[in-house]
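Below: one structure, written as C-alpha cells.
For clarity, chains are labelled A, B, C and D in written order, and residue numbers in each chain start from 1.
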Amino acid sequence: MKNQVLIAAAAAAAIVTAPAITAPVAAESVKVGYMQGFAGGRGIFGRYGFEGFELALDHLGGKFGGMDVELTKKDTQHKPDVGRSVMNEFIKKERVNFVAGITWSNVLAAVWKQAARSKTYLISANAGWSGMAGKNCNPYYFQASWNNDMIPEAMGKLMKKEGIKDVFELSANYQAGKDMLSGFNRQYQAPTKGKILYKLGNNDWQAEISQIRATKPSAIFGFLPGGMGVSFMKQYKAAGLDKTVKLYTVYTVDYGTIRAHGTNAIGSYHTTFWNSDAKTATNQKFIKDYIKKYGKHPSMFSVQGYDAALLIDLGVKGSKGNLKDHKAITTAMRTADIKSPRGKFTYNVNHSPIQNYYKREVIADADGKPKIVVRGMVAEMAKDSHYKKCKMAW
Amino acid sequence: MSEPLLKVEQLCKSFGGVVATDNLDFDVMPGEIHAVIGPNGAGKTTFVAQIAGMLKSDSGSITFDGNDIAGKTAPERSHMGLARSFQITSVFKNFTALENVALSIQAHAGHSFKFWKRASGDKTLIEPAQKILDDVGLGDKALNLAGNLAHGQQRQLEIAMALATSPKMLLLDEPTAGMGTEESEIMRKFLNDLKGDYSMLLIEHDMDTVFSLADRVTVLVYGRGIATGTPKEIRNNAEVRSAYLGEDE
Amino acid sequence: MLSKLKLSILIGSFLILAALPMVAESEMIDEPFYIDLMARVMIFSIAAMSLDFILGYGAMISFGHALYLGLGTYAVGIMAHYELTNGWMQLLVCISGTAFIAFILGLISLRTSGIYFIMITFALAQMFYFLGISLEAFGGDDGLPIDTRSEFFSFFDLNETWNMYYLILGTLVVAALVLWKIINSRFGMVVRGSHSNDARMQAIGFPTFKYRLAAFVIAGVVCGLAGFLLGNLTEFLTPEYMHWFRSGELMIMVMVGGMGTLFGPLFGAFAYLMMEDFLANFTEYWQFYFGPILILLVLFAKQGLWGMLPGKEDISDE
Amino acid sequence: MLGTHGVLGMTLLLLIEQFLNGMQFGVFLFLISAGLTLVLGIMNVVNLAHGSLYMLGAYFASTFFGLTGSLIVSLVLMIPVMLLVGILIELVVLRTLYERDHMDQVLATFGLILFFNELVRIIWGVEAQPLTLPMWLSGNVEILPDAPYPVYRLVIIGVGMAVAAGLFWMITKTRMGMLIRAGASNRPMVGALGINIRFLYTMVFGLGAVFAGLAGLMAAPLQSVESGIGEDMLIFAFVVIVIGGIGSIRGALVASLIIGIFETVGRSILPVLMLEIVDSEAAQTAGPALASMLVYILMAVILFFKPQGLFPARTG
C-alpha cells in the first residue's frame, strides 16, 4: 500500500515536471514548422519544395544561424482548413519560430492571419497569393518564390519584345488563372485574338484547339499547370497546331514535368525566375548536390524551398540567438542576403522579391530528348504590381 | 343488391411486350371475400399492385367505394380505406410489434410533421395499437422487435398493421405464403374471424385456404380472368381444371 | 432509450469537452492548441451527425453533403464581405439559404433512388463546387478571408478562443438533442419507417416523399450550421469545402462512428480526423494505408465505434 | 447566327467542327463508361475505383510503351495484366460487397481509390509519366476545309465503335452474354442452372477492368499520366451511366454522345453566347462558369423527368 502511494506520487511528479525539464533545452534551438501538401498527384510541388529545404539544411550543417534546428513537417492535404489546423498546432503546440512551405494560394489565404497574429514568421516557398503582396503584407510574412502574376508579366514583356503581333490566351477559370491573364496583359498590351477560360481539371483540349486554329493567332499564351499542361501539350502536338502557332506557357514546363512532356514540349517557350543554366558556383553546387541526393534534377520549386531555408538561416543569424528579437530578425531577412541558386534578389516593401526573369526554351538534345535551355534575361529586377497597396513601414 | 365496394373494369397493364393484366373485370361486394388464384406468372401480384396504387395502369377503371381511384397514389388509397398486406413479409423489423401498429395508426391520425413529442410515449397511438395487437392475439408480443417474431406472427402483425388503418377493404397478397401447415391453419382461423367485418381481396396459393374462406373465386391466367364463381363452381369448371388445378394437383 | 453505458459515455464526453478549455490552458498542461483542435473536430461532428440523420435513419445515401458545409461558410463569408457582420442576421441567411437550396435539390434528387440518388446528389454538389470556383467576387478557388467573425452580443466576442469554442460546443449539444428528439418523434418514425420499407409506408398511408424531403432539408440546415461555424472558426471560405472528396470524408466519419446511431458520428469525426493526422505525419503516402484500413472497417466493423458498445439503441426498452 | 461579335470567330464551319469534336469526346467517354455500366448494371455494385483502373491502364501503357516502343504491343501486354488486376480486386474486395448496401460499396471502393492513387506514386514516382504519340499515329487528315484532324482521334473513334459493336454482340449473341443478362435479372436461377455465378461475376469484373484499362491506354498518348487522373473521368462516366440508364450499353453509348457533344459544343459556344447577351465583365466569367456546370445541369434535368435514365434497364 505504501509503495503504491509512493509510485503514484513519483509518477505524478514526473508528469508535472516533464515540461519543465524539456523547456530549457528548447530555448537553445530554432523551432521550424514545414507545411505543404504532399499527398496525391498534386503533392509533387510539396515534394520538390521540401527536398530543396532539406538540401539547404544539409548545406548549413543542420543548423540555422548556428543554432540547432527542431524541424516538424506536416501535411496540409492541400486543404485550407487542415492548413489552418496545422498552423495552429505549429504555433500553439510546437511553438515554432518559423513556418515555411505552402503550395496553394487558398491555404496561404487561410493561414497567414494566425501567423501574423501570433508573431510567427511565415515564409511561402511557393504560394504567391496577391493578397499578401498588397493589403495583407506584414513584418512576419516573406515571399521566397514570386507573386502569382510576375512570371506571366515577364512573359507579356517577352512576347511584346519579340514583336508577336497577336495572341490567343488560354487560362484557367479560377482566381490564379485570372491573375495570370491580368499580369500578362499588363505588359503585353497588344490585341488578343481570343481568350478561353477553361475548367479546372480539363483534359480534353480538342475543342479549344479547334477554336484557337479558327482564329489564326501568331502565338498562344497559356497558363496550364500540372497535368492539364501535359495533356494540352500532347494534344496541341497531335493536332499539328505546333506547325502554325507558337506556344508560350507559364507554370507548365519545368524540370518536374519535362519527362512527361517529352518531345511534345520541344519548341515551346516559358518564363521563370530561375536561370537554371547559370554558371555561378552556388547554382552549380545546388544542382549537383540535389541530383546526388535525390537522383533527379531540381525544379524551380526546389529553388524556392532551398531559399526559404536560407532565409530562416539569415533571420536567425540576425537575431544573434535571441529569437524574441523580432525586429532584428525582420531587419536581417529584409536584406535577402543569401546565396540563392537564382542569384541576387532583394525585397520590395511588401517582402516580395525583386528579381530577374528569364526566357527558357525546350530544345532537342543530341539524342532527340527534350532539354530546357535559358535564352537570356527578360526582365531585370522586376517589381510586382501590388506593392503600392502595402503600407508596411520598414 | 348493393353496389360492389371495389369494381374493376377493363383493366390493362403490360411491361414492354409482356401483357400482365389483360382487360380484367373484377369486383368485391361489401363483406365479401373474393379470392384470386392462378398459376405462377398469372399476373396476380401485378393486379394487387394496380389496385393498391403501386403501379400505374395502362387503361381501365378502378372504382372503390363509389370513387374512381385510378389516378390516386398509394397513400391516398390507404386513406380511402384500402389496406394491403405484402406477399413478402414487410413489417418494420427494427421496430417493436407495438410500434409497427402504432405507425399505421399514426398514418391515419393527421399529418406527421410533429418533430418534438416522443412517438413511443404517445398514448393516442400506443393504446389503440395495443388493443389491435390484443385483438389479433399478439398482445403479449407487443414489445418484441418485429424482426424477432416467428414467421407466422410477422404475417399476423402485417395484417394487424392493415387493420390499424381502419380499412373498408383488405387486400391480402398471399397471407399464408411460406407457412407450415400449422401456421396456415392459425392464419386461416384468424382470417375467418375477420370475415364479415371486412371485405377482402385475397390472393392465395394455398387451395385449402381459398376454398374454405372465399365467397367467390376468380381464376387468373396470363392476366385474363378465365372464370369467376363460388368455390364449388370453380372446382367443377373444366377450363379451370385443365388450365390450372389439373397441373397443380 | 440509450443504454446506461452509452449515456454515461455521452455525458462523460460532454463534460470532458466542457472542461477542455480550462484544462488545456491551465498552467500544468498549457496546451491551448487542443482547444482549436477540438473546435474543428466538433464542427465536423455536427456535419457528420446531420448526414447520419438522412443516411442512417432515412437511407438517403447523399454523396454531396459537404455542399451544405460549404454553403454555410459562404453565408458567413459573403455577408461579412459586405460588412454585414450581425451574427443573428447571418444565421438567418445561413438557415434560410441552406434550407432553400436543400429543398430544391431534394425535390430533384429524391425522385430517384438507389445508385441514381447517390450519383445525382454527387453531381449537384459538384455543380456548386464549380460555381464557387468561378465566383470571382468571392475569391474563386483562392477563397476569401472572412475579416470579421459573426457578432452576436457585445459581451460575446468570437475572437476570444473560449467564446468560439463554447459556441461550437453549444451548437453541437443543441443539434444532437434536437435531432435525437426528431428521430423519436412521429416525424422521425416516418423517416425511419421509409428507411426500412418505403413501399410499406406508402401502403399504410404515408405520402413519404414529403417527409423524406423535410428530413433532407433538416439535414442540410444542420450541416449548414456546421459550415457557419467552420467559416467563423477558420475565418475563411473556399469552394474546396464542397468538393466531393469532402462528402466522401463525411460518409467515412458516419461509418466509422456507426451508421444510424446519431451519436456515433460525433466520435466518428474525432476518430477519422485523428487518424488522418496521425497517418499523414507518419508517411506522405498515408492514403496508401488508409485506403485498405477503410475497406477493412467497411467489411468487418460496419457497426462503427458506437455500434460496438453493448446496448442496442432501441427506443422501446425504456 | 452568332453574329460577328467573334473574338472567337464562331463560324458555322467551326460549329460543325466542334460538333465532331464533341462526338469524338463522346466516343471516348463511352470507352470509359462501357466497363462501368457492365459492372454497375449487372452486379449492382457502385464501383468508384473504376477510375483507378483507368489510371492503371494509362500507367501500364506508359511503362510498356517505354519498354517496347509500340502501342500495339503495349495493348497486347496490357489486356492480361488488367484482367488479372480486375480479377484480384474482385476476389479480394468486391466479392464481399455484393450483398452489402450501396453505402458500403461507395466507401470500400473509395478506399480503393486512395490506395491506388498512392500505389502508383510509390511505384512510378510523383512525376507524371511519359508517353508520346508514336510517329505513325501522329498525322493529320483534313476532314473539313482548313481544319486538319488528328489521325489518332479517328483511331479512338474506331476503337470506341469496335468496343460498342463487340459488347452488343457479346451481350446478345454469346453464351456469356446470355448468362450475364440472366444473372442480372435472376441470380438464383442462373445458380440453379449449375452455372458458377461467382465465377461469372469475377469474369465480368475482369472484363470491366480491361475496358477501363483500354480507355486509359487510348487516352495516355493525349493526356497526362499521373496519380488521380481517374477521378475526373470517373465523374464523367457516372454522369454518362446515370443519364443513359444503369446497365444499358445502348444507354451508355447514347448518353456518352450527348454528354460529349453538350460539353464540347457548350463550352465553346456559351462564353460567346453570354457575351452576345450581356457584354460585360460578368459575362466574361459567367460563360465559362456555366459551361463547367453544364453536364451536371443536364444530368439533373434528365433525371428530374426520367429518374431511371433515358434507357432504364428492365431488370431490378
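Definition applied: contacts are C-beta pairs under 8 Å (C-beta built on N, C-alpha and C of every residue); 3 or more make two chains touch, one makes a residue touch a chain.
All values reported here derive from a predicted model rather than from experimental measurement.
Looking at chain A and chain B, the chains that touch each of them are C. Counting C-beta pairs in contact, the pair that comes out ahead of the other among B-C and A-D is A-D. Chain centre most remote from that of chain C: B (centre = mean of CA atoms). Chain centres here are Cα means. That of chain B falls 42 Å from that of chain C.
With centres taken as mean Cα positions, chain D sits 47 Å from chain B.
One inter-chain figure worth recording: chain A and chain C are separated by 34 Å, centre to centre, where each centre is the mean of the chain's CA atoms.
In chain A, the residues touching two or more other chains are 39-40, 43, 47, 173, 178, 199-200. Residue positions 117-118, 121, 285, 288-289, 292 of chain D each touch two or more of the other chains. All chain pairs that touch, listed by label, are A-C, A-D, B-C, C-D.
For chain D in complex with chain A, the residues that touch the partner chain are 7-11, 13-14, 17-18, 21-22, 24-25, 28, 117-118, 121, 126-133, 138-140, 147-150, 152-153, 221-229, 232-233, 264-265, 267-268, 271, 284-285, 288-289, 291-292. Residues 16, 19, 38-40, 43, 47, 73-75, 77, 79-81, 84-85, 88-89, 91-93, 105-106, 109-110, 113, 129, 131, 136, 173-176, 178, 199-200 of chain A touch chain C in their complex.
Partner chain D is touched in their complex by these residues of chain A: 39-44, 47, 173, 178, 192-201, 203-204, 206-208, 210-211, 213-215, 226-231, 234-235, 237-240, 256-257, 259-264. Contacts from chain C toward chain A in the complex involve residues 28, 30-33, 36-37, 40, 130, 133-134, 136, 139-145, 230, 234-236, 238, 240-241, 276-277, 280-281, 284-287. Taken in their complex, chain D has these residues touching chain C: 40, 44, 46, 93, 96-97, 100-104, 106-108, 110-119, 121-122, 235, 238-239, 241-242, 246, 285-286, 288-289, 292-293, 296-297, 299-300, 303-304, 307-309.
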